[in-house]
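The chains carry the letters A, B, C, D and E, assigned in the order they are written, with residues numbered from 1 in each.
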Amino acid sequence: MKTLAIKNLSKTYFDAYQGAHVTAVRDVSLNVNQGEFVAVVGPSGCGKTTVLNMIAGFIPNSGGEILLDGRAVSGPGPERGVVFQSHALFPWKTVLDNVGFGPKMRGKPKAECDTIAREYIALAGLSHAEDRYPNELSGGMQQRVGVARALANHPDILLMDEPFASVDAQTRMTLQEELTRIWQERRPTILFITHDVPEAVFLADRVIVLSKGTVLDEIVIDLPRPRVWDDLIEDDAFKTLSARVLQKVRSA
Amino acid sequence: MASRLSSTLLFILPLAVLVAVWAVIVASFDVNPRIFPSVPAVWNAFVEAIRDGTLIQHVGASLGRIAVGTVLAILVAVPLGIAMGVNKIVADFLNPPLRFFSVLAGIAWIPIATLWFGYGFGAITFVIFNAVFFVVTYNTLLGVSTIPKPVRNAAASLGAGPWAMLTEVLLPGALPNIVTGIRTGLGFAWRGLIAAEMIATNVGLGYMLFVARDFYRTEVIVMGMIVIGIIWLLIDRLVLAPLERRTIERWGMVRAT
Amino acid sequence: MNVLLPIWSGYVRLTTRFPIVQTLVPFIPVIALWWIVSAAEVFPKVFFPGPVEVWKSFVSLTYKGILPDYLEDSLIRLAVGALCGIALGIPLGILIGVSKRAHTALWPVVLFFQAIGDIAWLPILLIWFGFGLTTMTFVIVYTVMFPVIFNTVLGVRSVPLDLFRAAQSLGASKFAILKEVTLPGALPNIITGLRNGLGFGWRALIATEIIVGTSGIGFLMFDARRAGSVVEIMLGMIILGTLWYIVDAWILAPIERATGQRWGTVQK
Amino acid sequence: QELVKLKAGMVTGIDQIGLPIALERGFFEKHGLDVTIARPYPTGVDALNALQAGESDMVQVGVPMIGAVLRGMDLVALGNFSGSATKLGADATLALIAREGAGINKGDLKSLKGKKIAASFGTINHLYILALIEKAGLKVDEVTLVNTPPPDMTVALLAKGIDGFVSWDPWPIVALKDVPGAIEVIRGGDVISYLGFNVALRPWVDKNGPTVEKFLAAVSEADKWMRANPKQAAQVATRWIPGLKPDVAEAAMQFNIQQADRRLSAQNFRALWAAQDVLSRLGTIKSTFDVNKHIDAKHIVKVMKEKPELFSDLPPIPDAVAIKDGFVFKP
Amino acid sequence: MKTLAIKNLSKTYFDAYQGAHVTAVRDVSLNVNQGEFVAVVGPSGCGKTTVLNMIAGFIPNSGGEILLDGRAVSGPGPERGVVFQSHALFPWKTVLDNVGFGPKMRGKPKAECDTIAREYIALAGLSHAEDRYPNELSGGMQQRVGVARALANHPDILLMDEPFASVDAQTRMTLQEELTRIWQERRPTILFITHDVPEAVFLADRVIVLSKGTVLDEIVIDLPRPRVWDDLIEDDAFKTLSARVLQKVRSA
């Protein structure tokens, strides 16, 4: 279990061909406590994925620091699981092997990997497709494989980049509820990027609104848990909070 | 500018190390010049060949032949590779003969190529063509096949005709592989040239090596090898590498190194 | 066009029933042209023998037992050389593709040596290693290696970055990444590299057998050529082409179908 | 009697055929040797490389010996497989062939002017065409010489890529037979001395004097048999040179036996010296060596003395060029 | 302008390696009138993209027929513009050239292509990024380029596959309103796949609910036009319709 402390983080992409600099992240400071569920929302292109990539250790930061339990991040690690916006499935592995990849890397025997993988594949509603290759899946199915793959590895920190964007309303609700269930059971620290404001409010303890590479606002979601859609959908507190976040995003 | 210079230096460094190793080994083991020449001997051979102007002639002649053969090969191979990548019928029909002919060495063709294309320039060009053609074809074919289907679909549903599809989608999409194909092919073109210049010539690097070999002038052989290597490095560095940087690396299709 | 269509669809049906047809039909025009040109004596028969002459020489050499022996020798040499070449080329290519430092140190050297032909090396090799399998293996390895390296490097460099990242954040070790991501990702390119490399390996074999061999298909071809007989050259070419066809169609193409095409990373 | 083992090498060429004849007809065994013929090498350079690599003890080469010696290979010429010990000019196995319509006339060397002639550079061919050009009173740069390996010459002629070529047999014969309209401009003409030595490395020679003599005796006997039985000798050639047709072999053998003379005399010294002289004047080689150091005639002279019957059908060596005690060649 | 008639359409994918058949589309019949705006919703993997691909002419159908103004579809054509679920941008073209590709294919001079492209790039809110290559864009930006590219070609029929899935709430609303504006101006026929039920209701004349490869239901959206979010968000008719569609999707 880990706490995440981000201080004055910034990132500038340099285009060597045009000599142009693009500042994707200007100045982000953020603390995520151990076991906390934080959602990040913000306009397209405001730097969400870039922040996530830096936390995951995929790209170096240009300034500031990222501390994981007080130690600076230097490269990716299995304690930080990532769900990619672009899915990033291994085209040469079946659904089963994609999802079982994490356990396999931990040296688990094949049979155990498969058992674990099947559990999460079932959770993602893909049991019928476990032997297919990614190119034979629909967009939403691919995305769900990506989610299952990250979850199956039981990371301490989950970094999720719009994990349910291509999933239908019904499946999405199920997945959201499953995710909160898993989170409450195991208590990983979660950083969850989304464009769906109700989703952010439903899931998170705190919603961070990012805008133009900086933190615009932070809204604490003090709705009681466990949260279930059937209860919340007509809940006034939920609606008020959603409206508040939405308004923040629209002003971003 | 400074980074340009340092990257050039970095590029030369491994080669310089190689020369140093060579110099040390030859000097410390007192290697017989018939087995491997010393650095100064090769340098002297180079200076002399420059001074009497023969090297320039040889290089000029060889470059001309390489250029004609390679350009012809690329002009035929790229469209062919694309046609095969796009059309299954063409691919099915051409694949067997291509596979068959791809292993037939240039020198084996010489007697027959001479009949068809004439002795001298024609046959030499054919041998070089033969060295470049197959690699570029296969790499182009692979390049076309790795363009994601949706990208081709997108172009089609935006009204791209066959020509636009070729120039706007298939060529740029296959470019990473085409460049690698040309890189491999050009290397073999040089080899083919050396073999082919044994015939019907009195000028060219292959000819130079051939005559040197007959008189055990290893310093000329090694000098010729180095000249070929350096010319090739220059071509790669001044033409292919910048092309790669400006296109496929720029577009994010391959990672920069 | 309307007449051609049923013929064409018949042909397609035939090829799906008997795939061998698909292999053989494209050669019909080639052989027919060869036959016509040689029969018309556009060139004197001695310089351009026809299929019949080549067939006769095939029969007689097979009968004498020369051909099978030579074939065996050539194949063993090629196999040894090609295996070593692949065993060197793929790891080197991956190393250069993966590591910036290796790229800096090796790339210029690889480029440099690529252009220096096997034939240029031969005199020196002969003195170093003598006349024998070592020299031939060296030349074949030298030839096979470069296309394999170049294509492997390209393959490695075109694996999407996110896949490496995904593997890393799932806890994959360096070796696991190599095995699970880099290799399969680069595989379509590696196979094309093998295709090019092995193709040139055959060529190199022929070139060395001329000088180094006392047997082998290359030796056969050039021994005959030294005596001015083109028939054996053509026979040798046909044998080489056929053998390679078999290797490509039975080994490389099935691998291609089972990997890149299966995964959808390469279109059919 | 224990047979002495020896590895000999040859180059595929009809003029080298004395060696396999000695093997096939049992002359080596008769003289106490167990010889294996390593392989037919494609060129003299390859044969010398094989000698260096220890793959053969003794090989038969001509002009390539010059380059090798200059680059420090300590070679010794022990006998002569093709050439002449009696006269200076010996080139009956060489000819200049032209194609129809090239404007080169039979017997008219002056018509070579401005023509493109193929030769294999660095071989005896090259020396031959240079001598022909000189004989015609032309300058070297008045004729375009291009390098071509002998097997490609006939097809080059057919394809009109060259106007003519010089080469050793069987190529002139093959061309006259296969290339329609080809003409023999000149054959031989005694313009140069053929070079064709049995060579070995000095350390080996120093240790194996008796073996060398047995070898020379055996091949001399083979030469004599060949001179007496050209038709049968031609048949042997077709076995050792695959693809060589019997009629071509027979025609070539007629010229070959005119030069099959294993003996050494001052003429052979002069031939080697003259070749060096031409090549260095041409700039192809930068220095020369003393031929006395690299021709060791004592073994063949001994054979000639002890077994004169092996040479009885050859014209005697003129006294002026015969090798006697204390012989030193001076140009 | 075109009408689209789909009759008993079906599609079976054949996996030659496993010898397995996957029936993605079982039996879909559907008529879309000229100038109509039809939204398609349905669970992930129910065959939406497959149907769209067949209409676009990218893959052959296994059964049934697709008629465009009475003529069977046989391959892609510029009268049918497509927005891809996977974006499918040309990596070797800048944003400007990606969007200007359609006009260029119509033989327009470069300057005119650029003008048209800039107009749609501005509409997608990407004017600042017109010289960048796709790999330098965020996920949502890529998707917007895909939308702009399809719109800039002025097709008679627009086939859009979850075009706003990765776009933030605010940008999405703007794009939805822009799309209705363009549609009302030029009246292309639109088939719009989405997982966002309010989006479907806001945009469409009719919402098709797909399930397991067949049409489950069709809901006519008779809300008055022009529609604006500020009015509709609290509108009861809108809410009722959304709830009805959502309920259909959840039962699918």
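Following the convention adopted for this analysis, a contact is a pair of C-beta atoms (placed from the backbone, for glycine too) under 8 Å apart; a residue touches a chain by one contact, two chains touch by 3 or more.
Just so we're on the same page, UniProt names per chain: A, E = Bicarbonate transport ATP-binding protein CmpD; B = Putative aliphatic sulfonates transport permease protein SsuC; C = Bicarbonate transport system permease protein CmpB.
Note that the structure is a prediction, hence the values are computed from the model and not measured.
Student: How short can a path of touching chains from chain D to chain E be, counted in steps?
Tutor: Contact-graph shortest path, chain D to chain E, evaluates to 2.
Student: Comparing the two chain pairs, does B-E have more C-beta contacts than B-C, or is it the other way round?
Tutor: When B-E is set beside B-C, the one with more contacts is B-C.
Student: Could you please state the distance in Å, as a whole number, between where the Cα atoms of chain B are centred and where those of chain E are centred?
Tutor: Centre-to-centre distance between chain B and chain E: 47 Å.
Student: So the centre of each chain is just the mean of its C-alpha atoms; given that, what is the distance between chain C and chain D in Å?
Tutor: Roughly 40 Å, centre to centre.
Student: Using mean C-alpha positions as chain centres, tell me how far chain A is from chain D in Å, no decimals.
Tutor: 84
Student: So which stretches of chain B touch two or more other chains?
Tutor: In chain B, the residues touching two or more other chains are 34, 111, 115, 149, 213, 218, 250, 253.
Student: What parts of chain E, by residue number, touch at least two of the other chains?
Tutor: Touching at least two other chains: 86, 136.
Student: Touching two or more other chains, which residues of chain C qualify?
Tutor: Residue numbers touching two or more other chains: 43, 47, 123, 127, 161, 210, 225, 262, 265.
Student: Would you mind writing out the residues of chain A in touch with chain E in their complex?
Tutor: 13, 15, 18, 22, 41-45, 48-49, 85-86, 129, 131-132, 136-141, 144, 161-162, 165-172, 195-197, 246, 249-250, 252
Student: How about chain C: which of its residues touch chain D in the complex?
Tutor: 43-44, 46-47, 123, 126-127, 130-131, 210-211, 214, 222-229, 231-232
Student: Under the stated contact criterion, what part of chain D meets chain B in this complex?
Tutor: 45, 52, 63-64, 66-68, 70-73, 118, 121-123, 144-149, 151-152, 155-156, 158-162, 284-285
Student: Name, in rising order, each residue of chain D that touches chain C in their complex.
Tutor: 12, 38-42, 45-46, 49-50, 52-55, 150-151, 154-155, 158, 170-171, 174, 178-180, 241-244
Student: For a test of understanding, state which residues of chain E touch chain B in their complex under the given definition.
Tutor: By the definition above, chain E touches chain B via 53, 56-58, 75-78, 80-82, 84, 86, 88-93, 101-102, 104-106, 133-136, 149-150, 153, 155.
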